[in-house]
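Shared chain: subunit A. Partners: subunit B in the first complex, subunit C in the second.
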Partner chain A sequence: MSAAVSPQLELRGVTKRFGGVAAVDGVSFEVAKGDIVGIIGPNGAGKTTLLNCISGTQRLDRGDIRLNGSSIAGISPHRVAKLGIGRTFQIVKPFGSMTVRENAAIGALFGSAQARRGVAGAFALADEVLELVGLRAKADHPVSALTIPDRKRLEVARAVATRPQLLLLDEVMAGLNNVEVDDALDMVRAVHATGVTVLLIEHVMRVIVGVCRRAIVLDFGHVLAQGEPEVVLRDERVIQAYLGERYAKRLKS
Partner chain B sequence: MDAFVQLVILGLLAGGVYVAVGVGFGLVWGVLNIVNLAHGALVVVGGYITWQLFTGFGLDPFLTLPLDAAALFILGYALQRGVINRIIRAPLLFTFLLTFGVNLVIVNILLLIFGSDFRSVTPAYSGQGLELGSVVIPYVRLASLGAAILLAAGLAFLLNRTRIGLAIHAISADRDAAQLVGIDLRHAYAVTYGLGAACAGIAGGLIAMIQAITPTAGEPYTLQAFVVVILGGLGRVSATVVGGLAFGLVEAFGQSIPGSGSVFANAIAFGLMVLVLVTRPQGLMGRLH
Partner chain C sequence: MIATTDSQRRWRRAFVIAGAIVAGYALLAPLTSLDVAQSANIPLLADKFWFRIATYIVMFVVMASAWNIIGGITGYAAFGNVAFFGIGAYTTGMLIAKAKWPFLLALPLAPVLAASFAALIGLPLLRLRGHYFAVASLGVGVALGELVQNIDYDGRPVFGGASGLFLPIYAVGHRGLFFFYLMCGAAALAIAVTWWVLRSRFGYGLIAIRENEEAAAVLGVNTTAYKVAAFALAAALTGLAGGIFSQWNVFINQDNAFPIEYNVQMILMALLGGTGTVFGPAAGALLLQLLIQFLGGSLPISLDIPFVSSEARPIIAQVILGLLLIVVVVFVPRGAIDFFGGRTRLSLAYLRRSLRETSL
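Entry: the complex of A and B
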């Protein structure tokens, strides 16, 4: 069967324009089941727009996105979630009027077909997920009492509670200090170890090298390079895109 | 002393109706951010369904309440799904215009069907009451208060303990995040408006037993709902219960002032609302964020 060999996520010439600007321009790549892939790129490279296209919050202008071989381009975000794609936001969007446990339970109540269960079951799954991301002790806290790193954890917990097969993480490490990044890396590894495919956007190089098996570099909406993180980060074009031509030359010499 | 007790009782009894009128309005406002100017018209639709079932089929008016709720839920769901969803992200003024338009349409359809005559629902027990010393409490009003409290409790249970209730909480907290955990926004919005309409329908059924209704009678109910929700505080059913009962009490005492009478009922109501907005803008029970 061809479905068995097709990659879990497949992007073909994905293009998204805002007026005259192509924020994402003909991006193609594949993510295999169980993989953990990082997307990096300078500010404005189109990373978040790309995630928005995959999760259905923005419509593609051209191209196709396939999940397990069938197209998900143009379907609404809640249906994408039900098909098994979880998503976090760079600027966290917790349900502010609820407790930590309730936030996670909402994910468990409405997520993918695997997550779907009754209210009591959802709260049980919420507790499991909070344990996984290290928020179990704060389950009864209101969201407003959480620190920034904890809010990022909650964002991940809510997405994981939807029981996704593929998890999109939008800069979960941004704004964290070194110790917090290490903790967050452990959390991402723990989530990945449960069998979830992870596609993450990061600014912090250490994260990409630390957890990703493969890195994709975006620049001005194009894929600049992809491959093993160590190799990709030594690519001259990548260094240029990040640091400018002058520094790239200096590094080379 | 007797007069005081009587006023408290009358105030609470009137407050029960305000609770019923207010809860659905508060739900729609709090979750969808729509000040639903068609709310009063929906109340009147509920009243007419009760009247029709009572006069046409001899059904006890209290037994018609679930049917009011069911019919108005369907109507509300369809209205939101088909019409109001289109402007859900539009500025508040658009929701005013649209719901006012819906209000006009409903009122005129009622006029076409039922004419402009006043109708009232008078079951056999409507004249009877409970005598406590010199105070007489009409059974219908007592049962209405009970029904209103039950309605509020049922709504609170639904919102806090059920799947769809949690979805409603989630969409009111963050639409984008709710969508991305798998909540169908258009459906959840429609259910919310449907529930608000169902509450209005029950309120209408209760009102039809207490006073005569006519298709154009809805506007005061929209205003009352507005005042009650502001008084209690937006966002929680329990706050609307407090707001409704408080409004009933204030109105009862206000009308008892010599020379006041029912003429000043609206002035008192809106005066109170202004007072609350100035001194405690989050409402009696509301929380500031």
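Entry: the complex of A and C
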């Protein structure tokens, strides 16, 4: 692949304001096809708002978002999904009255142009995806019977079932213990291995270092630093933003 | 589907057999009024009076099933569906009375107009959720009834005004039989549509909207289009019932084409039977209409309610319906079909669990 090929996802000066507060303020970055990129940042840095702008659940005030070179800024969520961007929610939003399989099937019934299929085909695709995320054995369970880590898996399964080219994961590891994080990491790697580009928001540093090839640090709505995870996490500004100025000085000396 | 046990299967079979007997009797009894049956000395199982009550019940089967599509499956508590009944009634009524159209040509326009109106008001209304949607849709239902009664042109009421609209009597042999079976056809259509919706991609999209609209949208469900389509579909079926009603009843006015109490009744029927199911609203309509007619004192089997005069009975009926609504919502939130269908057993533990889950 030559360098001249336009990036899969391109953000240019994306800005989203809530009243006087700019939750996301002039954010620009690119994600190449097949990459796996992590967005980190302290609470309130604007990570989820940024994801909402990309997936269309919130309208951006300024800037542009391009998918494969064409603008998707301000279009409705179902059209973003159809173009091939899948997402999960930090606070899981399962369809409570459905079984695990039915939940995944909704993604396969609608979703991207590669998913959209009839009811029988959708259930077959749902089973495939449940296998991939490790929920196959619980396919017939009602959602209410799932543990928290399993609900996070289901959230990913539904998004993967839409057959996205780009997957946005909003803190799928939050609230998991160490063993569960390892399992979830394997799941993210497995999904990425199917050829999906992944952009993930995470608080857990181990995740960023473990799977991401590139990390973007957000702070107060701005991009603070970006690059290889190990390098970015040693950046003084990043340490300051996370741990405060005093701690950063002590660390240096 | 959660695995079913033997006892659940027995319950379900008993329920299906009971339903088939009721439906079979209701569909065959009217035939005994035909001359052929009378000359063969078959006892008369359905007189004029029977037809009136049975047609009313079936009309509510249509309306409750239609409400189920928007209220039960999509989860938008429409409180003004009577507007579509009224539109259907007045569309057919006006075409027959004023434009002199034949009934069977005027009837198909009732669902078309009702659905168009629903699509039009659905676009702004369905942006509202929860109580806001319920109140707004109720407002539409009330306003439309008032409009129909009060619109004048050149000093003369357009839609018959306060004195109502009279239709010519439809010339057909066995009128009662004809309208009963026509209404049954509409009910069969409503149930078939529900059955199809629950198995289709469309229906899965609607259920996803009910369970979590934002999640449905990011998975690719065009939520606005789906909600409007569900609303219009419910309106079309309700309008069809209204269209049949106008020619059957021969006279329509604000009181019988836009009765506010129908709004509550169709919801209560769907809740009582079980929202989101194929046969729940139909079962609820049958149970509740029989109860309403019984309390109103218009069934052949009647019971004197102590301390209540016959004039006060319809009022007492409303009070009892209100109490029933509370009991159903609190104790049987998933409806009667849930235990008749064998998914759960009606027991004290079930009622207690429901009470806990309703979290008053």
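Quick note on the criterion: the second predicted complex is superposed on the first by the 249 of 253 C-alpha atoms of A that agree within 3 Å, B and C clash if a C-alpha of one lies under 4 Å from a C-alpha of the other, contacts with A are read in each partner's own complex, and residues count from 1 in each chain.
What we mean here is this: a contact is a pair of C-beta atoms (placed from the backbone, for glycine too) under 8 Å apart; a residue touches a chain by one contact, two chains touch by 3 or more.
Treat the numbers as computed from the prediction; the structure is a model and nothing was measured.
Subunit A superposed: clash or fit between subunit B and subunit C?
These partners clash in the superposed model.
Return first, second, both or neither, reflecting whether A:R87 touches subunit B, subunit C, both chains, or no partner chain.
A:R87 sits against subunit B and subunit C alike.
Please work out whether A:L166 is in contact with subunit B alone, subunit C alone, both, or neither, and reply first, second, both or neither.
neither
When the two structures are overlaid on chain A, which partner does A:G111 contact: first (subunit B), second (subunit C), both, or neither?
A:G111: touches subunit B and subunit C.
State whether A:V211 touches subunit B only (first), subunit C only (second), both chains, or neither.
After superposition on chain A, A:V211 lies in contact with neither partner.
Which holds for A:L176: it touches subunit B only (first), subunit C only (second), both, or neither?
neither
Determine, under the contact definition given at the top, whether A:S55 touches first (subunit B), second (subunit C), both, or neither.
both
If you lay the two complexes on top of each other, which residues of subunit A touch subunit B in one and subunit C in the other?
Comparing the two interfaces on subunit A, one with subunit B and one with subunit C, the shared residues are 55, 57, 76-78, 81-82, 86-87, 89, 93-98, 102, 105-107, 109-112, 115, 118-119, 158-159, 162.
Spell out the residues on subunit B that touch subunit A in their complex, using ranges where they run on.
Touching subunit A from subunit B are residues 161-163, 166-167, 169-170, 172-174, 176-185, 235, 289.
In their shared complex, at which residues does subunit C touch subunit A?
Touch residues, subunit C against subunit A: 1-2, 199-201, 204-205, 207-208, 210-212, 214-224, 276.
Over in the complex, which subunit A residues touch subunit C? Could you list them?
Within the complex, subunit A contacts subunit C at residues 55-57, 76-78, 80-82, 86-87, 89, 93-99, 102, 105-107, 109-112, 115-116, 118-119, 122, 140, 142, 158-159, 162.
If you look only at subunit A, which of its residues touch subunit B in the complex?
55, 57, 76-79, 81-82, 86-87, 89, 93-98, 102, 105-107, 109-112, 115, 118-119, 158-159, 161-162
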